[in-house]
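Per-chain residue numbering starts at 1, and chain names A, B, C, D and E are given in the order in which the chains are listed.
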Amino acid sequence: QAKESFKLCWSIYVGWMPWEYGDSSGIIDKWAKKYDIDIEVVQINDYIESINQYSAGAFDACAMTNMDALTIPSAGGVDSTALIVGDFSNGNDAVILKEKTSIEDIKGQRVNLVELSVSHYLLARALDSVGLSERDVQVVNTSDADMVAAYGTDQVTAVSTWNPLVNEILNMPKSNQVFDSSQIPGEIIDLLVVHTETLDKYPAFGKALVGAWYEIMEKMQGDESVREHMGIASGADLARYESQLASTKMFYQPGDAVEFVHSPELKKTMADIAEFSFDHGLLGEGAPDAQFIGIETPAGIYGNAANVMLRFNPEYMQLAADDKL
Amino acid sequence: MKRLINRQPSSVTRAFLGILPLVLALLVYQWGSTVRKAENPQDKLLPGFVEIHDAMERMALTPSKRTGELLMWEDTKSSLKRLVSGVAIAAAIGLTVGLLTGAIPLFGASLTPVITVISLIPPMALLPILFIVFGIGEVSKVVLIVIGVAPFLIRDLYQRTCELPREQLVKSMTLGANSGQIIFRVLLPQILPRLFASVRLSLGAAWLFLIASEAVASTDGLGYRIFLVRRYMSMDVILPYVAWITLLAFLIDCLLQQGSKRLFPWYHAAK
Amino acid sequence: MIEFRNLWKNYDDNVVLENLSAQVGSGEFITLVGTSGCGKSTFLKLLLGTEVTSRGSILLDGRPIADEPGPDRGIVFQKYSVFPHLTVRENVALGREFECGPIFGRVFGSARKAILAEADHWLESVGLTPARHRYPHELSGGMQQRLAIAQALIKQPRLLLLDEPFGALDPGIRKDMHQLVLSLWGQHKLTVFMVTHDLSEGFYLGTRLWVFDKCRMDPQAPERFGSTITFDLPVGKTDRQSLDKIKESLARSAQIPVAV
Amino acid sequence: MKRLINRQPSSVTRAFLGILPLVLALLVYQWGSTVRKAENPQDKLLPGFVEIHDAMERMALTPSKRTGELLMWEDTKSSLKRLVSGVAIAAAIGLTVGLLTGAIPLFGASLTPVITVISLIPPMALLPILFIVFGIGEVSKVVLIVIGVAPFLIRDLYQRTCELPREQLVKSMTLGANSGQIIFRVLLPQILPRLFASVRLSLGAAWLFLIASEAVASTDGLGYRIFLVRRYMSMDVILPYVAWITLLAFLIDCLLQQGSKRLFPWYHAAK
Amino acid sequence: MIEFRNLWKNYDDNVVLENLSAQVGSGEFITLVGTSGCGKSTFLKLLLGTEVTSRGSILLDGRPIADEPGPDRGIVFQKYSVFPHLTVRENVALGREFECGPIFGRVFGSARKAILAEADHWLESVGLTPARHRYPHELSGGMQQRLAIAQALIKQPRLLLLDEPFGALDPGIRKDMHQLVLSLWGQHKLTVFMVTHDLSEGFYLGTRLWVFDKCRMDPQAPERFGSTITFDLPVGKTDRQSLDKIKESLARSAQIPVAV
């Protein structure tokens, strides 16, 4: 009888590089073998394409942020579970102004960002923090691949983006970081999302992934060469990767992640994100309000309990914390 | 029974045969959509025709909540403006450079190698330099189209200019023409219809570059919309947009063909 | 008027014309015949100025002929002599427009009217008046060649060069064209060089028939020796015997396969 | 003094004139780089030639720390594999379909309209569907090239097949050939050299699609590397990669041209 | 052997051939002349089967002729009659290969040898043996037409159709070709239809000369009436007078401009 096989996709980002290491070091294979399954790990460069592929059913698991999990698979009727909460952005996402130094100065500017992404959400929160709204700026959709180059031109005076682009842009003259995700800690969360149905049917898949992840975490935290490996794989080097890690709150210990998921803050965060998404039409044309999609957290369900499409499930991480994998 | 290669379909059969594959493609799509919907009613990859129709109505007939505009028409307007300016500039450059390099050997010798090199460079990879030189506004989008299309036009029109019968040049000289007069009165008017043909050939590439440039940085346009809604996989918007682009491409092609036939009857009749 | 002095022409190793000398007076009508590839067109090109002699010289009124085509020498080719993008009338007017519009070759207003009137006059003389608003592709082959002649004549060239002008025409139409060329030649006192591959055309038309052929022949390397004028006959004097002699000699040359 | 259009440069002048603009371009670049470096020594947009050289040495001559491979050669290998398979498959499809539609009126009537429509669709907009159908592996990259290039090849070869002198078909029939024999012995061998020419024309598009597909999903390849370092704006890697791609494109073009001349001497001589 | 019964051919409103009737016996050599556009090629196409009659019929041995070209009717056009991608020998062998290789038209081994030997035999008879390994582009125009004839003859067609086969050749070479065609015709008992625009060729070559022309003429709408056979002369009987008469009548037809 053939082994059950599963596919996971990820794209290049500081918090997801462990998947690359897990794949090339054989850790994932080791854990898959332990649970008698096959896991194929695929790198997709285009982040959105990776989520689309997951939503369309081509992959069983995919690394993405909490906001994209809500607006793409969940809004598309794909019941998804956040299996691993790997980290949250703690300065990795930032709003940067050229020459100006304070977030209030953004008023009236054109802001280049990847529209409808977490950068857009960050901008909304930044504007919120000083009593401005999106009407006070003009948003210009700019692909992340071109962000650094675009910032080099005179027309671009404000951007909202993520790392490593943030570091590259801050290295350019006259750039000032006026708002970053450390001011909204725990709101931009990097997840590993799996199809709920698949997880229910094959708990071994969840266990293998979580087991592998925390073994990688242990190595990553303790071994500089592992971090260097990840840095190079992301097209950078150790120093640059370390500086990105510095603004990322990694949950190296499963217990920390479990605790984070259990906190009521998470439900509030997801509520904010749902509001934001609804305002921008991201929950689909059929959504009458922000509560249209139910989000299940240990602290309770936000929104429509009859239409739960995104679930934060700490059980598997708990198993890791309890060393039961 | 005639040989297969001699059997000509009647005009009715021809129309039927021509439509058949298109209808089949639609049926296959419908089937695929139904299958996926049966699995997940909210599936977005292959939306049903009703959903596509709704999305179209939303994009084309309902004013946008945010700006009060009919999005699809605004997108079309912006994209066409870019496409037309880009192609027009590329055509002007292609015509001028192609004609001069083809007509004047000294020009040809100095420019043909560098044009060959330029035509082989993949322009998308040099976007950063483009931004610095042309900024990130409308100009750079138009420039990307120009860079993508002009080398082809130059090379094609150079070729066509060289192909004009040498006899005509000799004849012009025996009529007392100088170089400028030959270029203006003999070569240029005969190259113009060929320019139309080359532009038609290059339109596919122009659309590609337009869509790519709108993905880079913009606030409207058909390519922008496609990339934006890709963020939540609204194939119900993407598919009709793609169909609309295809239709526009087809119409522009027809327009150019008809225009050329109107303007240059002697060219089309002589062929 | 024209003098050819020990003319040689070769393309690299291929000797096309060899030691050709002749004198031609004003008003003569010279027909050139010879086997294919013997260098008739090359000879016209030398006269025209699109090729230069390898050795020897061509003198026009005692001075070396210009090394570029110019309005003193008119030309009609077998094909491509007229401009497809201009109407019949515009084709003829073009030569004058080049004169009057020094930069763009375009003339407007009354100057243009005068030029068009002149063009109409020339069209009249070649019998194309009814077709003057048509494009060349709407003309038959014969009409196109009439047009090419009118176009050349408007510049009143000192020399008129014709390279197989009727080679692609029907025999019936050819006769008319002969008539036309002869009458224009008489009227305008032209000096004409005409290449033809129809020997009888040569006898019928010219005042002087030149036969181009090789005097020496190397069957292993036909490119080693060039052609020259092997017969130079005042056409009035032709008798049956010399015609047969020419035919026979040409047929012999044609047998030898052309090197590839 | 001869007219401008009659002045032919000698072969030395020709070479000099040809190289001049390329040298000028390099000088302008050098100047731009110096200016920018003077302003900001860390500037990455226009790296100096030393930096480019260092980057090249790193990519092409130093084994990667992570995998121990010489990255540039590995990238080249992967990209060429994709490019060649894609173009080869597209050529096979183009030849088969173009030939059959051109030769058999019944085929032509049923397929030409749908092929025209397909050729107008911008393939990049349909990437999600493509990846779902063909997976995210090598196949989909090759397929993108095929989809991007095959419609052009089909239409071009259809055209070329139709342009073959009708007299040859008639002659074949009077020699007793049936349809299949005519296609195999008369049309196919005469279309092959035209296939080479069409493929040469379509190589630019093939490179574009290759680079685009590698940017979306891949772990190696020239397009992938450019995509990867683009977020750090490492122009010191991008520029030589672009130059390398240009050189490869040039070499492939030469190869095809020479190959065609070898294989089909009758075709090139007759032109 | 062949009978034309009240043949009409029109393209839409353009009547090309009008009420043409004739009978041709086996072994005849018929030359067709007429002004350009009078329908000579159309007539050959009807015989060939690439066009169908609008009214009337063509009977071959009493049965309607096949509506598709086939190996019973050989053809040589003015151009494009040979395959540029095959060597001279392969061009000739092709007809047999089609027979022996029913699917791909390819034959190997000893069968191929036999076919090539046969091809060489035919090449011999048209004098192309030394050139048998060359490609057509390496041949002169005359040699290409010889090849086209050999290629057609290997199938031993009942009819050989020639559409201005020597129209593009030099007069010298033409004479040789006439010789060749006449000798092949005599040797192989062919029935030949040959279109030419050279009247003297027509008189010299055939056993029978057909002149195509319109009997009725509407100068305002030349397409209203079609051509038919206006002269049908056994060529032996030709006298000076009838030749002049034909010339004159053709010249008259050629005057009338062709409708565009």
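As a working rule, contacts are C-beta pairs under 8 Å (C-beta built on N, C-alpha and C of every residue); 3 or more make two chains touch, one makes a residue touch a chain.
No experiment lies behind these values; they were computed from the predicted model shown.
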Labels of chains that are neighbours to chain C and to chain D: B, E
Where chain B and chain C overlap in contact partners, by chain label: D, E
Chain located farthest away, centre of chain E as origin (C-alpha): A
Chain pair with the most C-beta contacts: B-D
Intercentroid distance (Cα basis), chain B paired with chain A, Å: 38
Distance between the centres, which are taken as Cα means, of chain E and chain B, whole angstrom: 47
Centre-to-centre distance between chain E and chain C (centres being mean Cα positions), rounded to whole Å: 33
Multi-partner residues of chain D (each touching 2 or more other chains): 3, 6, 45, 128, 132, 173, 178, 230, 233
Set of chain C residues in contact with two or more other chains: 68, 138
Residues of chain A touching at least two other chains: 52, 56-57, 146, 148-149, 152
Contact pairs between chains, per stated definition: A-B, A-D, B-C, B-D, B-E, C-D, C-E, D-E
Partner chain D, residues of chain E touching it in the complex: 48, 50, 68-71, 73-75, 77, 79-86, 94-95, 97-99, 101-106, 135-138, 148, 151-152, 155, 157
In the complex with chain B, residue positions of chain E that touch it: 67-68
Chain B-facing residues of chain D, complex: 3-9, 13-14, 17-22, 25, 45-46, 103-106, 109-114, 116-117, 119-122, 124-126, 128-129, 132, 152, 169, 173, 178-179, 182-183, 204-205, 207-208, 211-212, 226, 230, 233, 235, 238, 241-242, 245-246, 249-250, 253
Chain D residues within the chain C interface of the complex: 2-3, 6
Touching residues on chain A, where the partner in the complex is chain D: 9, 12, 24, 42-46, 49-50, 52-53, 56-58, 144-149, 152, 164-165, 168, 171-173, 228-229, 232-233, 235-236, 240
